[in-house]
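Shared between the two complexes below is chain A, which has chain B as its partner in the first and chain C in the second.
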Partner chain A sequence: MAAISASEIVESEASAPQQPGFGGILLRNRKFVIGVAILLIFIILGAGGELFVGSGQRASGSFQPRLAPGPGGLLGTDSLGRSVAIQMSEAIPNSLQVGLIAATLGTTLGAIVGFVSGYFGRSVDSVLRVLIDIFLSVPSLLFLILIASLFKGVGVQAMALIIGIFAWAWPARQVRAQVLSLKERGFVQIARLSGMSGLEIIFRELMPHMLPWLGANFVNAFIAAVLAESGLSILGLGPQREMTLGMMIYWSLNYSAFLQNLWWWWLTPVLTLIALFLALYLIHIGFDEVTNPRLRTEG
Partner chain B sequence: MNGSEALNQPALAAASSFRQALTVFVWWGGRSLGPPPPERQTSSRTMIGYLRYLGQRFIILLVTIFISITVVFVVPRLVPGDPLGAIFLNMASVGGSMGATQLVEEYRQLFGLDQPLWQQYLNFLGQLVRGNLGYSIDSFPSHVTTLLWHALPWTIGLLTITTLISWVLGSIIGAVVGWRGRESRFFQGLVPVALLLYTTPYYILALILVFVFAFHWPIFPISGAYSAGLAPSFSQEFILDMLHHATLPALSIILVSLGWWFLSMRSLIKTLKGEDYIMNAEAMGLKEGRILWGYAFRNALLPQATGLAISMGHIVGGALITEVIFAYPGIGWLIFNAIKSLDFPVIQGSVLIIIVAVASANFLIDVAYPLIDPRIRHGAGGRA
Partner chain C sequence: MKGKNLMVLGMLLLITSLIIAACQQQPPAEEVVVTQVVEREVTRIVEGETIVETITEEIEVTRIVESTPEPEEEAEEPEAVPEGRAEQLNIAIPGPIADPTNLNLYAPGVSRSDTGLHQMIYEYFFYYNLQTGEFIPWIAEAFSYNDDFTAITVNIRDGVTWSDGEPFTADDVIFTYDLLLNNPGMVWAEEVGSRVESVEAADDLTVTINLLAPNPRFHLVREAFPAVGIWGGITILPQHIWEGEDPLTFTNSEPIGTGPYVLANASQNVMSYERDEDWWGIEAFGETPGPRVVNFQHVGPSTSVALALANNELDSPNIGILTLPDYLAVAERNPNLIAWSDGPPYAWLDPCPRGLMVQNAHEPWGQADARWGLSYLIDRDQIVELAYEGTTVPSWGIWPFYDGNEPYFNAISDLREQYPTTAYDPAQAEERFAAAGITKNAEGAYTTADGQPLSVTYLVNADSTEEMRVSTVLADQLEAEGIQVEVQPLSGGVLSDAILRGEYDLKLHSMCPGYIVDNLELYHSKFNVPLGEPAPWFERNSFRYSNPELDAIIDQMATVPLENEEETIALYEEAMAIWFEDLPTVNMVQAPALVPFNTTYWQGWPTADNAWNMPVSWWATFNLVINGYPDPESGEWVGGIESAGVGGGQ
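And then the complex of A and B:
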């Protein structure tokens, strides 16, 4: 027995230099790389816009209204005389910010609930499991509608927080299932026998195994949050004084961009959203294929 | 009969977790959120297992409804000041309507705002039990329930028909492509198209459809559920007009969910293709069509049917934003207008109705699932 395991160790050490680590496999995954590339382009465009646009150019009436896109006015202007390109430079970072804040909050809350529920078990677990079940079966968009309609005129960050608070149930479920299977493994038993405390085991033994899972969950939560933001905004519950991709669509619908034939006004955020979702989805698939090698077979 | 219907408890758990995975997927407009959790080892129990499972699900249903009622009660009171503050504010902003003070008085009585909080809560529950969701502010003195009864048929009609159409189409195309995907370029090309369709939020697709088929080529009307001059009736003229108006909203929902049904059926068929009984059927020399439709497809139908049941559960929640884009007079349009006019009782009532409907539908699926799926009951000579 001992000899076999020792030789295994030697073997795995010998082959270590050729085997790429987790990041290496991730970077070799074509879907992941394409997704990240598209996302980076958006971030760069958004950040660049923030730097170069003066605040004077944001107000309505800064440009001639209803200009078609062209060499002069990049992406055209809306019926209030605002540049679509400048709106986008504000909307993209804001929408990504909603995704980032909400996904971080949701994944963190979910991980905490999942770890506690899975590791400590018993009565804590049964209460938390029912809670997870409930929040999974109730469409959270409805609670969001309820809350956002009361706090009308919330800012981008507040909206992200509201979305994030309702995004914990799915990661919690996933983390709980993982913890349940991990905690019976040998290395956790040994850690427990050698006197590690519950929190220590969670952070030093279980957490490293959970990080890829949490990563995939984070991307999911990000997608869901951007989706929720644009949905709420189109319903008229978005940040009224700030620009997000959803709010751009809301304003263009509100000022009937369709009837005025200002297609560039609504089509720009629409195409951006589609590209953004596709990028995030590719990142998600890439993550999934890396963490779950059985999925890798299909090109 | 006497304990012969053995039930597989973990399989029940797996069924309910599958249901939740799909629930999350359906709600977020068609995004699958990670692989389903791994199934655990199987062990069988008796009828008691099923009853215990039913009891557990029923408690969850009750707790869900109770929590949502509580949230709907508490949230308005979290806003600083009087719960009627928002209503006052709204009335001031629209220039104060006739009978505003009367209405506020009405509300004070309805909610009993002079009473302690627990008393208010009990009153609120009492009103709900009697089916009273209060009055609409915007279209006073209509009851919220009346408005909901007018909106629900449109939403349920639109969503039922579109869900069924996309399920049938997606399953059939998915089966064919899953079966012969390797043989044809065209079939392989369908996969990224389906992927793109189902990563697109349904309301985004709706916007594009409006532009192309209602504005650029005005084939279909831009908005509404029927022409302004017509009154709803069962005449041929009205029904044709209604279908004409419903085409674009329906198309946007069908296309997006088609992507999901297609992809899931395709992967189901692809996995089944390697099964022994399929190879056996091939070795026996059965015709390919017979193997696909008689053997593989029939076996793949069960998980597909579960998915269908789950989407059906979400029909009341529907495609809220699609309705907004097409000004389709369902529950989404009702909520949208209520938000615009700060008609909080209507928002409250709609949210509550949808949550209760979705939770009840989920419960029914959980109850029915073990009865539908024969793999969950495996006792000797067990009956349905």
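And then the complex of A and C:
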């Protein structure tokens, strides 16, 4: 994916001022808009639930156990006498929170390491490259399971941090590769000749080229983090006293919901996860199309 | 344009895969269409108002059970038996083996039951069949006490050999006791050290254990005498293997025992044993154990265990993996499954009721008022309904509701009325907590005398389905009443270490062995070691309770000969007055063991109708379930599972 050079942007903006900016192109991208819309629905549902549900209704035994979905029970209840709908209102924001924290941490760390490694090169690069390669080659799930089992009883935020710490290597390598290519371009050479410092060049010249790409990576990392949380939780390593989509699946497994045909219990979080992945994937494609004009279908 | 096409193709692929994924999840939903409503009666034992006797009350519970016609169709076709399956006995264990290379059952934290070690590899002098009351000689033939009960002499059976061919002799017994007396870090070493003075042999087959104090019940003390009733006991080791090894660090990865099986393969998920064709018992008893291979395997969560049972991949799961609704759902799919009884309550009563160990060495839990306050905050009926799915009943104490215990329970009926240990009563709780200096603030949160919120660390075995469930309901209950609960799930050696060192405020635990006197002895202060040092055993006072008055009564009980039950009952009454007043641990529920057996490949399992043994695969006595045993009176062979003759089994 070739990045657009600064000169190209300047040119196009000068010759066609009526063309929309980056945000405009994004909003015209149907996939992106649909993805964002689905995500917004989840956020609104989650936030709404947070506002309207009293803490007393979250505890086990608040409802009659094993109620099928219906007008009275809405999404049904689980074997512990908890409403599936109320659990979702807690699980969706928590799972999104895991994704947000882990993706922010991973992308930021990755960008910093990538820029530093790519721009400064030499020994810094050698050290960081080895570090990146190590983190890339060791399966992170292995580490996640190890760490999560060491710190059993972690909360949602701690879980997100653990996942985020392992989410930086891939963006770091990608950013590094881009920077290696970009820093040889004319405008960077000129900036360097005009006396800009390394940090200045990174932030003022290189960063703008990488932002859309980082955005796409952020969404990708978001998906991966939500998936990692679910995986760990299903293995029983999740936040025991809080609800996430993964923990919902864990409890439904613990209570053999599948065997006892309490389908609403396990199907709800599974379908939600699928919808969530779909939404984030659409956003990711949207980003990709905007940053890579050759993929654009509209706008 | 190429890129665009690729994207469209990618989208199509994604959507198709999502649809396929969604479709695959459809069948269970379709099953709803063929739903049958099945009414079943579940019998539960409910504490009556007249505390004198336990009343059995029948409660009709209507549940909706969905069944699928699929298994019936499959049943039409003759089922292909997988290679070797008919010769295998497959037992499901609750979690993976933490370290399958360490099979030293005297090292703290090493499992002896999940690994199958004490069922398959090692054998014991005697096996105590609680079901029939028989004390069955196995690698010993007889025992006798001296006149003042200060020494017990055991006659070892002639012809018993270790699996490597070496003879089993009195020297092995002396070696093992010496090891335990000299290495206090070994599991149960302190129990031996506090009772045994020395061990000597008159000849190869006669060994005498000299006791520190008179004890007519010594042959029942599993922690100091290698006879097993409930679960397990101290294990005699082969001197020629263990000599010169450090008993705490030796990994014993190729265990040598006298048992009918030898270890074939050890991994985290499967411990596989093969029949020892040179086992001494084949000649001595003239009986060969049926299964050629026995696997103790971790299959996964309860759903996986249930499906494996339905598909005949398993013969029996351990306790606590399947609940009653699980079992009924599986039994509907696989008609070859049986439980202890054909109808309710299906479960066999495990002798170890569940108690909530409260760390007496952590303030405020050293105060009886605080422990009583906690007890009043627990809604045990809700825990039974939600965590146990109706499989058990609340328990007023930590003794199993066995008929044989009734005389004891009747003797304390007044006390049981006076101290409502199963009552859920937040108002009473507030009163008792106030007496311990714990008050409720304006927000409804309990705060200690120094103004800190009352917070508890609740240790949970992460591998135990039962404990994970109870922890959720109990933590919800306590938090709703204003106590902060930090649930800490741990597993393996880290967990056992934390329990033994007392690093918890709350821990749900099996209160074993369940005998009247022995379960009282759990509260003896001789097992109370300082915080941070390992207690002799989990429920053996890792909760660090001390009461000299209770100690005195327990010491006195230990000297009463077994036949003198009246005196024991009188002392039990005296002790229980203290136990109820202090409530050193908080009683929770009885422990029914719902243990399904699969009769597809193996038959002759013990059931309520044919109660020749305990239906438990995690106890050392499982050796006798597989083999059967000679009746101690008549010598006639009793029980033993046999091949159902499917698929060319023997």
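Couple of notes before you dig in:
In the analysis below, the second predicted complex is superposed on the first by the 279 of 299 C-alpha atoms of A that agree within 3 Å, B and C clash if a C-alpha of one lies under 4 Å from a C-alpha of the other, contacts with A are read in each partner's own complex, and residues count from 1 in each chain.
Throughout what follows, contacts are C-beta pairs under 8 Å (C-beta built on N, C-alpha and C of every residue); 3 or more make two chains touch, one makes a residue touch a chain.
Treat the numbers as computed from the prediction; the structure is a model and nothing was measured.
Partners chain B and chain C, brought together by superposition on chain A, clash. Of the two partner chains placed by superposition, A:Q64 touches none, neither chain B nor chain C.
Shared-chain residue A:A177: touches chain B; no touch with chain C. With both structures placed on the common chain, the touch criterion links A:S126 to neither chain B nor chain C. More residues of chain A are in touch with B than with the other of chain B and chain C. Within the superposed three-chain model, A:L80 lies in touch with chain C and out of touch with chain B [touch as defined at top]. Look at A:L273: by the touch rule set out above, it reaches chain B but stays clear of chain C. Looking at the shared chain after the overlay, A:G231 reaches chain B, while chain C stays out of its contact range. By the touch criterion defined above, A:F258 lies against chain B and chain C together after alignment on the C-alpha atoms of chain A. When the shared chain is aligned, chain B and chain C each come close enough to touch A:Y281. Across the options 347-355, 401-409, 419-427 or 491-499, chain C meets chain B in a clash only at 491-499, per the superposition defined above. Across the superposed pair, chain B and chain C both touch chain A at residues 149, 152, 236, 253, 258-259, 261, 263, 267, 270, 274, 278, 281, 292, 295. The residues of chain A lying in touch with chain C in their complex are 31, 56, 59-61, 65-66, 68, 79-81, 149, 152-153, 236, 240-241, 251, 253-261, 263, 267, 270-271, 274, 278, 281, 285, 289, 292, 294-297.
Within the complex, the chain A residues that touch chain B are 130, 133-134, 136-143, 145-147, 149-152, 170, 173-174, 177, 181, 216-217, 220, 223-224, 227-228, 230-231, 234-237, 249, 253, 258-259, 261, 263, 266-267, 270, 273-274, 277-278, 281, 288, 292, 295.
Here chain C touches chain A in the complex through residues 3-4, 7, 10-11, 14, 18, 21-22, 25, 28-29, 31-32, 63-66, 301-303, 306-307, 322-323, 325-326, 329-330, 379, 382, 385-387, 389, 460, 462, 465, 468-469, 471-473, 475-477, 479-480, 485-491, going by the rule given at the top. On the side of chain B, the complex with chain A involves touching residues 17, 20, 23-24, 27-29, 31, 33-35, 37-38, 59-60, 63-64, 67-68, 71-72, 75-76, 78-79, 86, 195-196, 199-201, 203-204, 207-208, 210-211, 215, 222, 314, 317, 320-321, 324-325, 335-336, 338-340, 342, 344, 347-348, 351, 354-355, 358-359, 362.
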